Amino acid sequence: MLDKNGIAKRIAKEIKDGYYVNLGIGIPTLVANYIPEGINVVLQSENGLLGMGPFPFEGEEDPDLINAGKQTITTLPGSAIFDSAMSFGMIRSQKVDLTILGAMEVSENGDIANWKIPGKMVKGMGGAMDLVASAKNIIVAMQHVNKAGESKLLPECTLPLTGIKCIKKVVTELAVLDILPEGGFRLLERAPGVSVDYIKSVTAGKLIIEGEIPEMDV
Amino acid sequence: MLDKNGIAKRIAKEIKDGYYVNLGIGIPTLVANYIPEGINVVLQSENGLLGMGPFPFEGEEDPDLINAGKQTITTLPGSAIFDSAMSFGMIRSQKVDLTILGAMEVSENGDIANWKIPGKMVKGMGGAMDLVASAKNIIVAMQHVNKAGESKLLPECTLPLTGIKCIKKVVTELAVLDILPEGGFRLLERAPGVSVDYIKSVTAGKLIIEGEIPEMDV
Amino acid sequence: MINKVVSNADEAIKDIENGMTLMLGGFGLCGIPENSINALVKKGVNNLTCISNNAGVDDFGIGLMLQKRQVKKMISSYVGENAEFERQLLSGELEVELIPQGTLATRCMAAGYGMPAIFTPAGVGTEVAEGKEIRNFNGKDYLMEMAFDADFAIVKAWKGDTSGNLIFRSTARNFNPVMAMAGKITIAEVEELVEPGQLDPDQIHTPGIYVHRIFQGENYEKRIEQRTVRTR
Amino acid sequence: MINKVVSNADEAIKDIENGMTLMLGGFGLCGIPENSINALVKKGVNNLTCISNNAGVDDFGIGLMLQKRQVKKMISSYVGENAEFERQLLSGELEVELIPQGTLATRCMAAGYGMPAIFTPAGVGTEVAEGKEIRNFNGKDYLMEMAFDADFAIVKAWKGDTSGNLIFRSTARNFNPVMAMAGKITIAEVEELVEPGQLDPDQIHTPGIYVHRIFQGENYEKRIEQRTVRTR
């Protein structure tokens, strides 16, 4: 079973040289720490930046330079700043190669819910609806079950949707799964020490198991 | 009867302090020479410039700095450069206060034809269709009759249209006329030495004459 | 060049009236028109509809206007970090319309570019799509979203000249240029106001034609919402 | 940063094939990708559809491709000043689609912004409207115009860095940034190619994400089409 950093580390392996990547808030942000040596990646922040660097050294924070999570950040050499319309323009035109974001629920046909819980204060979808509707390649990073112990990989989402038929891959503390075009979570890898039976027991949506399922290499 | 510079001079009187103005090729370009003292005007060139200045001094031509007529020009202090999409964006959103262009024909309901003569080589509409469809305030600068001696102010245009119901005012070598919302050319002024009867004789479209028609003050 | 300078925020916003629709630039607390917001609070104008990506925090930014109950409706993409906002929303005093961030930005741009509507896939199949026209292009569904119609746009730039040209700094650019294009009247406050000719025409982000009033602001706090640092 | 440098124009255009659709930046002869055009002429690729505001002159710019009959169809707003063009058009060898200049620019932008279609009033009531959907918004008619779909966009910038960020100079900007956004593959030739970090992130006109290949061009002629001067 992986911790949050483990999930981030596993997702980082999905990143290919030359990718432009948008990282959501939470676990996805951690992915930046595990990008393999020799892989050139440019991070897009949807508030208007390509080439996001690490947090600034203490005392060097610039209030005019933040990421989409409103954190103070830095830019790397070769970065570019642009306005919000262009930022979502490049997202919509699929220039961003990979989007990684968190979710409350994912369904076996690739629907995602991650912005609203009825009865609770709704903060808004931010850029999530734009990202999931536009990106060609989306990985969800999330826990396999919610705090009540219920599966977050479902036949259908129960919460209000963020987007439909858009999620291609899910990485949790237990497993890596892709979502097949015809529907269903196909188990690709299991976390070290986690059994296929256990993954079965916490996956409410259709789970497809083909042959031997290898352990993740993290 | 006015010459081309006279037409330009008369049109220049329509320009108010603080106007952004787009000048078409031909007579409209000459208008820039007659903008009254003390009137602050910014010229827009639709290839992507606000704040167009005069032609450069000889030897100071910059091939990267041209106007929409592809002439070498200069910029004035406070100018701004932008791309073609933004240029027509500001035209479409009616930020340009006044557009002055030439025409082959204008009809009494404000239609304009100025880009195509069937049977002749067609060079294209350039930005004319965008300008006439978008501008809130368009003045046509043209000769009252064509080379064959036929009126260019018509009941209906005979040439392929550039835009419909868009022209508000026409200035020719003979007269200043506005086009009424309900249709018809209303004669406002006549050129020095030109009689109302003569204007009548060369205006094929509906001409509205109310009271005494003053001579232009040019 | 046309001179658009007004003396201060009070003068810039003096004809903003109760019930109007305002666009306010900024992302979180980054690049917000601090001086103009303070002037709006001072003026006490109310029943406003505010189009802004966020709603500030309790004691800064649009949060100050919320405290004085000047806002009837917020049109935003994300409105966390604000207890008073939450209270007014839950009590029904405040109306909120949540819009995907890209849709928000593009509806501003559409207004500035004279395009009455745009198509975006954001929100298809979600509650955002309710009541909207859906249209399929090349096998993919899109929502038709309308250009915004705002009485005033209020933006914050880094530098500006007296004819209204604006340059933004770093990610404080965000929504500011697209909103600057979109207001019927656009007010720009800048950290440094210069004479025409002092800004490079090639580096202007917002051409002056889009800006109706400009002034040099003062006492910028530029509060940081999430101070994150690394150790050396 | 991602390195997008290719050694020269020949390498940049090597996989452009007969029958493809290309966008070519520039307005008149200002800001045209001279090196790439010369390489296309040298390669002899043909049956091309070229989206470009103009078609060059007889012996420069796209005119060079016309002379070698490489162009099947021009999509432009204005195509004067070119005798060979006229000959091919009148003889039926060359197809021409004339589009209002703003529509041309905005259909490029639409592609770069992932918007399948846009609305513009340009051409309503004219032959440009034939066969197109007309839609009324707020009492005004608009045409629905579709985003372009080009295999390659070829642009010319002033400066660029190895990760593809571009800065244009003066009115040589024109269609270049909107086309740079719009190509499935975008090739940029620049007068000066620099390392990442040498361009100010705030001054980038085209972010590198839109550019797939970049090279430093050579021997720019930058021909002037209408040399107009005043006397001292």
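Going in written order, the chains are labelled A, B, C and D, and every chain counts its residues from 1.
As a convention for this text, a contact is a pair of C-beta atoms (placed from the backbone, for glycine too) under 8 Å apart; a residue touches a chain by one contact, two chains touch by 3 or more.
A quick note: this is a predicted structure, and the numbers were derived from the prediction, not measured.
Look at the CA centroids: the one farthest from the centroid of subunit B belongs to A. Of the two chain pairs considered here, A-D and A-C, the higher C-beta contact count falls to A-C. With centres set at the average Cα position, the gap from subunit A to subunit D is 36 Å.
Subunit B and subunit D have Cα centroids separated by 28 Å.
Per-chain Cα centroids separate subunit C from subunit D by 33 Å.
Multi-chain contact residues, meaning those touching two or more other chains, occur in subunit A at positions 49, 75, 81-82, 85, 88-89, 91-92, 134.
Counting only residues that touch two or more partner chains, subunit C has 106, 113-115, 120-121, 169-170, 173, 201-202. For subunit D in complex with subunit A, the touching residues are 1-3, 111-115, 161-163, 165, 181, 195-197, 201-202, 204, 207-210. Those residues of subunit D that touch subunit B in the shared complex are 27-31, 53, 76-80, 86, 89-90, 98, 100-106, 108-109, 120-128, 158, 169-178, 205, 222-232.
Residues of subunit A touching subunit C in their complex: 45-49, 54-73, 75, 81-85, 87-89, 91-92, 111, 121-130, 133-134, 160-165. In the complex of the two chains, the subunit B residues touching subunit C come out as 17-18, 20, 40-42, 44, 49-51, 75-82, 85-86, 88-96, 134. Per the touch definition, subunit C reaches subunit D in the complex via residues 106, 113-121, 137-138, 140, 142, 146, 167-170, 173, 201-203.
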